[in-house]
Amino acid sequence: MPAKGWIEVSDTYCKGCELCISACPQDVMELDITRLTPKGYHPAHIFKDGCTGCAICGLVCPDAAITVYREITKAVASAEA
Amino acid sequence: MPAKGWIEVSDTYCKGCELCISACPQDVMELDITRLTPKGYHPAHIFKDGCTGCAICGLVCPDAAITVYREITKAVASAEA
Amino acid sequence: MQKETIIAGFGGQGVLFGGQVLAYAAMDAGKEVTWIPSYGPEMRGGTANCTVIIADDEIGSPLVKNPPLAIALNLPSFDKYEELLAPGGTLIVNQSMVDREARRDDIRVIFVPCNEIAEEIGNKRLLNMVAVGALLTVLPEITIKDVEHALEGHLPERHKHLLPMNYEALRRGFEAAQKVPA
Amino acid sequence: MQKETIIAGFGGQGVLFGGQVLAYAAMDAGKEVTWIPSYGPEMRGGTANCTVIIADDEIGSPLVKNPPLAIALNLPSFDKYEELLAPGGTLIVNQSMVDREARRDDIRVIFVPCNEIAEEIGNKRLLNMVAVGALLTVLPEITIKDVEHALEGHLPERHKHLLPMNYEALRRGFEAAQKVPA
Amino acid sequence: MVTSTINNLVFQRPTGFTETPTHYCPGCTHGVAHRLVAEVLEEMNVIDRTIGVAPVGCAVFAYNYFDTDFVEAPHGRAPAMATGIKRVLPDRIVFTYQGDGDLASIGMGEIVHAAARGENLTVIFINNANYGMTGGQMAPTTLPGMKTTSSPNGRDVETQGFPIRMAEMLATLDGVGYVVRRSLHDPKNIRLAKKAIRLAFETQARGLGFSMVELLSTCPTNWGMTPVESLKFVEEHMVPAFPLGDYKVGAGVGQIKL
Amino acid sequence: MVTSTINNLVFQRPTGFTETPTHYCPGCTHGVAHRLVAEVLEEMNVIDRTIGVAPVGCAVFAYNYFDTDFVEAPHGRAPAMATGIKRVLPDRIVFTYQGDGDLASIGMGEIVHAAARGENLTVIFINNANYGMTGGQMAPTTLPGMKTTSSPNGRDVETQGFPIRMAEMLATLDGVGYVVRRSLHDPKNIRLAKKAIRLAFETQARGLGFSMVELLSTCPTNWGMTPVESLKFVEEHMVPAFPLGDYKVGAGVGQIKL
Amino acid sequence: MTRELWKGNEAIAEAAVRAGLEAYFGYPITPQTEILEYLSKRMPELGRTFVQAESELGAINMVYGAACAGVRVMSTSSSPGVSLMMEGLSYIAGTEVPAVLVNVMRGGPGLGNIAPSQGDYNQAVHGGGHGDYQPIVLAPASVQEAIDLTVLSFDLAEQYRTICMVILDGCVGQMMEPARMPEMRPVQRANWVWATDGRMGKRERRILTSIYLDPVEEEKTNLRLLSRWKAIRQNEVRYKEYFLDDAEFVIVGFGTAGRVALSAVRTAREQGIRVGLLRPVTVSPFPVEVIDQLAERVSGFLVTEMNSGQMLEDVRLAVKGRAPIEFYGRMGGVVPLPDEILQEIQRVAAGPLSIGADPRADWFERMTAQN
Amino acid sequence: MTRELWKGNEAIAEAAVRAGLEAYFGYPITPQTEILEYLSKRMPELGRTFVQAESELGAINMVYGAACAGVRVMSTSSSPGVSLMMEGLSYIAGTEVPAVLVNVMRGGPGLGNIAPSQGDYNQAVHGGGHGDYQPIVLAPASVQEAIDLTVLSFDLAEQYRTICMVILDGCVGQMMEPARMPEMRPVQRANWVWATDGRMGKRERRILTSIYLDPVEEEKTNLRLLSRWKAIRQNEVRYKEYFLDDAEFVIVGFGTAGRVALSAVRTAREQGIRVGLLRPVTVSPFPVEVIDQLAERVSGFLVTEMNSGQMLEDVRLAVKGRAPIEFYGRMGGVVPLPDEILQEIQRVAAGPLSIGADPRADWFERMTAQN
């Protein structure tokens, strides 16, 4: 079961260049044409599940607009072990 | 019997640098300390027989001061042949 | 006669070409004219404007602080030039891009929905021509015919097929402006 | 008091150092002094000269056209400075290198066989000191002692062993000049 | 069995950056190069003692984006200015950030001599095959046949000359400790570019001589392409003309383990 | 059998020279380089349509010695001036004659770009490891440890950098048709140098691109050696540091038969 | 020729082509780049020489070379680029070959900005390069003038074997105005007696150089340059005057500052202020005589420039303390507007004016007070 | 300190070292090379920075970098080399960092020769670089003055965050005179609030740049430069006067031309001519006030320079037509001799003099008549 991840795209920095979108291996990104950034761009966002938190979008983003998180699941000993 | 040659060194150009002297394969050159050029140098000259007209002195002279001649001997048909 | 017009808007709204068409028309009409763009550093996007001065005699300054005429194709330009316009002057405003009333009452503000009209004609890039048409209502020295000739003479070949649409844009803009009560 | 001296000769004759020794002596004697070489393009060989001005007060021009004193170490310099010397001036000439008499009679020309004297002393490169010695006969403001101190203080270490020879050269030049009838 | 879930932050804007958004056009990989430099300076923990030298070119405002001291050099002279700084502050990290017009055209003399002198500088060289800032004129790195505003019929090598490969050229100089070429056109190459930038700064930090990373970069605006098309152009046309690789890795640099 | 004797003139001052004696120091091989150029121009019969560009350096007065038109360029800018001339007079033979300070230091930008543009020029490059004219300061070509008036303790590569090998560097450029290094320290090498100079001018005459011959040369005056010792110095110290050889011979040039 | 709408920069490029420009060497720099871009297309079309040089240093020395070859040659740049040409310009002057250089000035010093400026007046007029030499410097204020003066610059440069500079600001370069282009002149090479274009079996060899080791020879060269300069001062002074006949006050301004002043002068006239305008067209040689005459009768001068008062000094030299002089300048790329100049006119007309005053210092006080 | 015999060039080098010079960047050029050669030995001995740059362009930009780092830095060159520094100087001025540049001027224009000259006065004083800026320019006339002014140049440059140039001619550079060296000052880095020397955990980041895209910002910068210039004009004018108290005629000359004039003045005094000498030590700021006062009472000025009359214009600006001005100059490396100046004094004293005359034009006529 693949790692689950998600991202935040900053409206301050995103210029809607689509580089992240074309780079995302999971094809879960697109421009949010319903919104405009203060600079007047349609920012990128995740439009469906499947983000693995691989951070490739962040790697290719020329404007350092993306923050990537990944959910990590690990076993822990039960209390009365 | 080696070719016979001789050279002329121009007082206008010679600066007595001795490059020709050290380059002459026959060691027949030296500075003529008995003479001064208009510029005040002792010019190079041939001081003994043996010049072969190889022109090496001319080749190394930085001041194009040397003219080289070589005597060439060849057979010719006699008049009444 | 000397009349100064400033045309302002977003980079993509054809501000500079709108001004050039006006300049060509004025020249062909035998007038003196200057066209000068606001040329900033190599910054992409942002707002652009140009100043067109039409006169009978040698023109002095190619720039003016308080023009009698202006076209504002977007809100920032509306805000800026409503303030700067000379008292008694006229401001053509692209209604499609502004959501407020005029503030000054010592100038005349003509609202024209340039985008909508252009889209009706079938090419929203013509919004600048709509605005120019509207301007002509207060610039009698230049006739629609003059501008049409200018377009004919100076529109790049590859756009010549758009001439009729441009003509219509001019007319529709002119009419729309006329309808506005003085 | 201000006295100008020009020292001239071939590049190799120690013209510049001769002048510097004079300058050091003057300085140590508490005088104002300037030393300036003729600095030409980077041409090898050729003639060199320097001007030494000794005075009690601030010195104006470091150069003069007609010096009252001069040393000519070779023929070209003799020719040149015999002409330029101020009337009533004195010219020290290195007899070893010139084969002619003086032409002017409104100046004093002192012939000293600098090369020969230097060779007698045992180092022909000292010919400049011989000439300087001779000059002192007409430059009472500077004593032989002054020059000797100057040499002591400013001769490069590696040449210090030559000091006695230099002193002798000065003295021999001085004496030779004195012998010449005024 | 009980499981717990932790949310890990795996990627974020480098702290080596200021908060100012860049003035670069959308998709311009100048921004990627900036970020990589900021990440490296952060990882080496030298932000605090770094002085950058901005060029004249689109990166003229680089000084607004890095949280380090910065100066702005005359067109092409960044290596000379950096030399002046590094020589009097040898314990600082000094880098220049230069375009291809700046470094390979007007600044040729300064870059070659900084390299020949083995100045302990790091040079980030952005090769985007044109003069971006002034509107897309031909650069020494413009590809043969490539149309620019000053080679309107495509660069004619007969009259306008051939592209200069700076990395190869500088590699002939003994003063160079590290000179390589990388590209910014895809994630893999971006990772390699970052490694190279790190190695370049390590070269400087260890006093191993001049270091330069040439980066193949895009100029969507003047190329008249979308950012995505531009990356393709780099891959398909620039990489063949400017082969990626290590052109000189000095002995000492080879030993560096990261 | 009868024999007759003819006196053959086997060597003389080239007619490509004027009658002016040079201002060079005794034994300075600048003079040899001059003579070889004059001989080649004479043999190619182009004296009449040749324009030379003199540098700032000891060769500043080169224009006095060649019987051709001549201009005198600002320090290091000869390749730019030559470009200006050749571009408007493409059927003329245009050459620059430059020292190592002129070409490899201040003139680095101009020489690299003339080469990169593939200008049809011939460059005679005199490498004498110092600035002769100004009195023997360090040049980019000064050998490590070599004492000059501006490296009084010997060139310290740590602070004063490493010698630049121009021929090797320019050979990396596509615009170059012919670039080689020769030496003037003995008859054999002088003959090879002349062949190279001939080939360089032939490269230009055939429009095969930029051509340069780097010549290892002496500076007895500033080296503080006799002319003969200077030749030895070239052989023993300069040749190892600046290997003789052909660094680029373009396809077309390879075909030239003399 | 009919009027066409031309952008200043492109008009200069085309005018040079019409004037027989045979070779162009330049390097991109805003706000001049359109000239280079225009010629990168136009020159090859015509089989002429266009080279984008590696730098302004390269460009000016390519110009130097081509000038020595005897062809019509030009470079164009903007302030920082022109500063890089100073050594080359001094060599060109010392070698006495003709060359044309256009400087589309921008805000400075340093990298500054690309807005219109006149900050390089001193550099152009009083010689930014080393040594004694005086270039001819033309200052167009309109697109038509830019065309006419570009053509003229080649003729003057060749007639006097001198550098001829055309200095303008971004306004004139970026502005579009109706203008008439001259007919295309055929490219012909004058057979200059000095050109080093190869002997070609016709003549003795020639040398072009700026080195004169013997100071006496160098001084002769300087005197030769000065004698040309004398002729230039006598024959080539050009200026435009507006409302001077009855003027009580005279504004002096060149280029854009001059034409902005014209608008202000007209308004002032409407308000009954007897003010006139003198717009130097050649700023070097400077129109000294006309100012000299005006100084005898007017009650004040107002110098206006887009710099801190550079031409001001030349006006002061011409006025020689006979009339009060006031100054108004904007710097760093700020273009003065007619209203500002009008205010200045009113201030000056209101008086009082003092001959003793230091116009630059007073202006500085006003500028810093208001800021 | 005792008097030692120093050669001008080497004295400047040692004086800079004593003043705490931390870094030197230069390129060889006659007649300045001794400075570079001296420092190539001296600086490394002291563990300080010496770099022989690839060119003057490289040198001035290394100076620019080191100046931004906040250390005492200097370059030295001669005319053609200084012309190559114009862009860099304009940047340094626009960035408001202190830097010292020495120009040992030689005959020009172009390559010219290496003889003593004052042909770069305009370039130095009126700004050879683009844009509006004014450097401080000091003009020593003796070895002692060369030492003192070199030391002063660093203090002034730092105090006013400006360029300070020292211009001299080959005479002063090559001459030996007895002089006193100052004590060695310890090298200490002032903690400049502007220096980009790395944050080092102490502070926010700093930026040094000369670009101000917004013309209004650039204008503010220009005004900042002008306000410093105002202070400089008020505080830093320096000159030497000789026999001025009762002078009927005043010679104005700087550097070597000034001290040559001194000899002539003395002889003229012996001949009963009431002539005095004003020798500007700061040619920028120019000693306007003293000339202004003299203009009120003397009956004539004689300006003498080793150029074609560059400082002459500044004298004319100060005199404002109140007294006649005559000029005598030698060019191209020719050094005037006292006899020549004396003749000129006699000519001027004999009169008649006209206020209206153009001193430069009259001088040119005399020069060409006699030749």
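Here the chain labels run A, B, C, D, E, F, G and H in written order, and each chain numbers its own residues starting at 1.
Heads up, the rule we're going with is that contacts are C-beta pairs under 8 Å (C-beta built on N, C-alpha and C of every residue); 3 or more make two chains touch, one makes a residue touch a chain.
In this text, all values refer to a predicted model and were calculated from it rather than measured experimentally.
Undergrad: Find out how few touching-chain steps suffice to connect chain A with chain E.
TA: 1
Undergrad: Among the chain pairs here, which one is joined by the most contacts?
TA: If you count contacting C-beta pairs, the leading pair is G-H.
Undergrad: Using CA atom averages as chain centres, what separation in Å is found between chain C and chain E?
TA: Spacing between the chain centres: roughly 44 Å.
Undergrad: Once you find the CA centre of chain B and the CA centre of chain G, what distance in Å lies between them?
TA: Comparing mean C-alpha positions, chain G is 63 Å from chain B.
Undergrad: For chain B versus chain C, what separation do you get between their C-alpha means, in angstrom?
TA: 90
Undergrad: Provide the list of chain H residues touching at least two other chains, using ranges where the numbers run on.
TA: Those would be 30, 51, 54-55, 57, 80, 87, 91, 95, 110-111, 113, 209-211, 213.
Undergrad: Give the residues of chain A that touch two or more other chains, as numbers and ranges in rising order.
TA: 39
Undergrad: Going by the touch rule set out above, which residues of chain E reach two or more other chains?
TA: Answer for chain E, listing residues that touch two or more other chains: 25, 60, 72, 74, 105-106, 108-109, 112-113, 117, 134-135, 140, 160.
Undergrad: Write out the stretch or stretches of chain H touching chain E in their complex.
TA: 22-23, 25, 49, 51, 53-55, 57-59, 61-69, 71, 73, 87-88, 91, 95, 196-201, 205-211
Undergrad: Under the definition above, what is the set of chain F residues touching chain B in their complex?
TA: Touching chain B: residues 1-14, 17, 19, 21-22, 24-32, 35, 38, 186-187, 190-191, 220, 226-228, 231 of chain F.
Undergrad: List the residues on chain E that touch chain H in their complex, please.
TA: It is residues 47-51, 53-54, 60, 63-64, 66-74, 77, 80-85, 87-89, 92, 109-110, 112-113, 117 of chain E that touch chain H.
Undergrad: Using the touch definition from the top, list the residues of chain H that touch chain G in their complex.
TA: Going through chain H, the ones touching chain G are 57, 79-80, 82-84, 86-87, 90-95, 105, 107-113, 115, 117, 119-120, 122-123, 126-133, 209-223, 225-227, 230, 307-308, 310, 313, 316-317, 320-322, 330-334, 355, 361, 364, 367-368, 371.
Undergrad: Quick check: in the complex, which residue numbers of chain H touch chain F?
TA: 27-30, 33, 36-37, 40-41, 44, 50-52, 54-57, 80, 110-111
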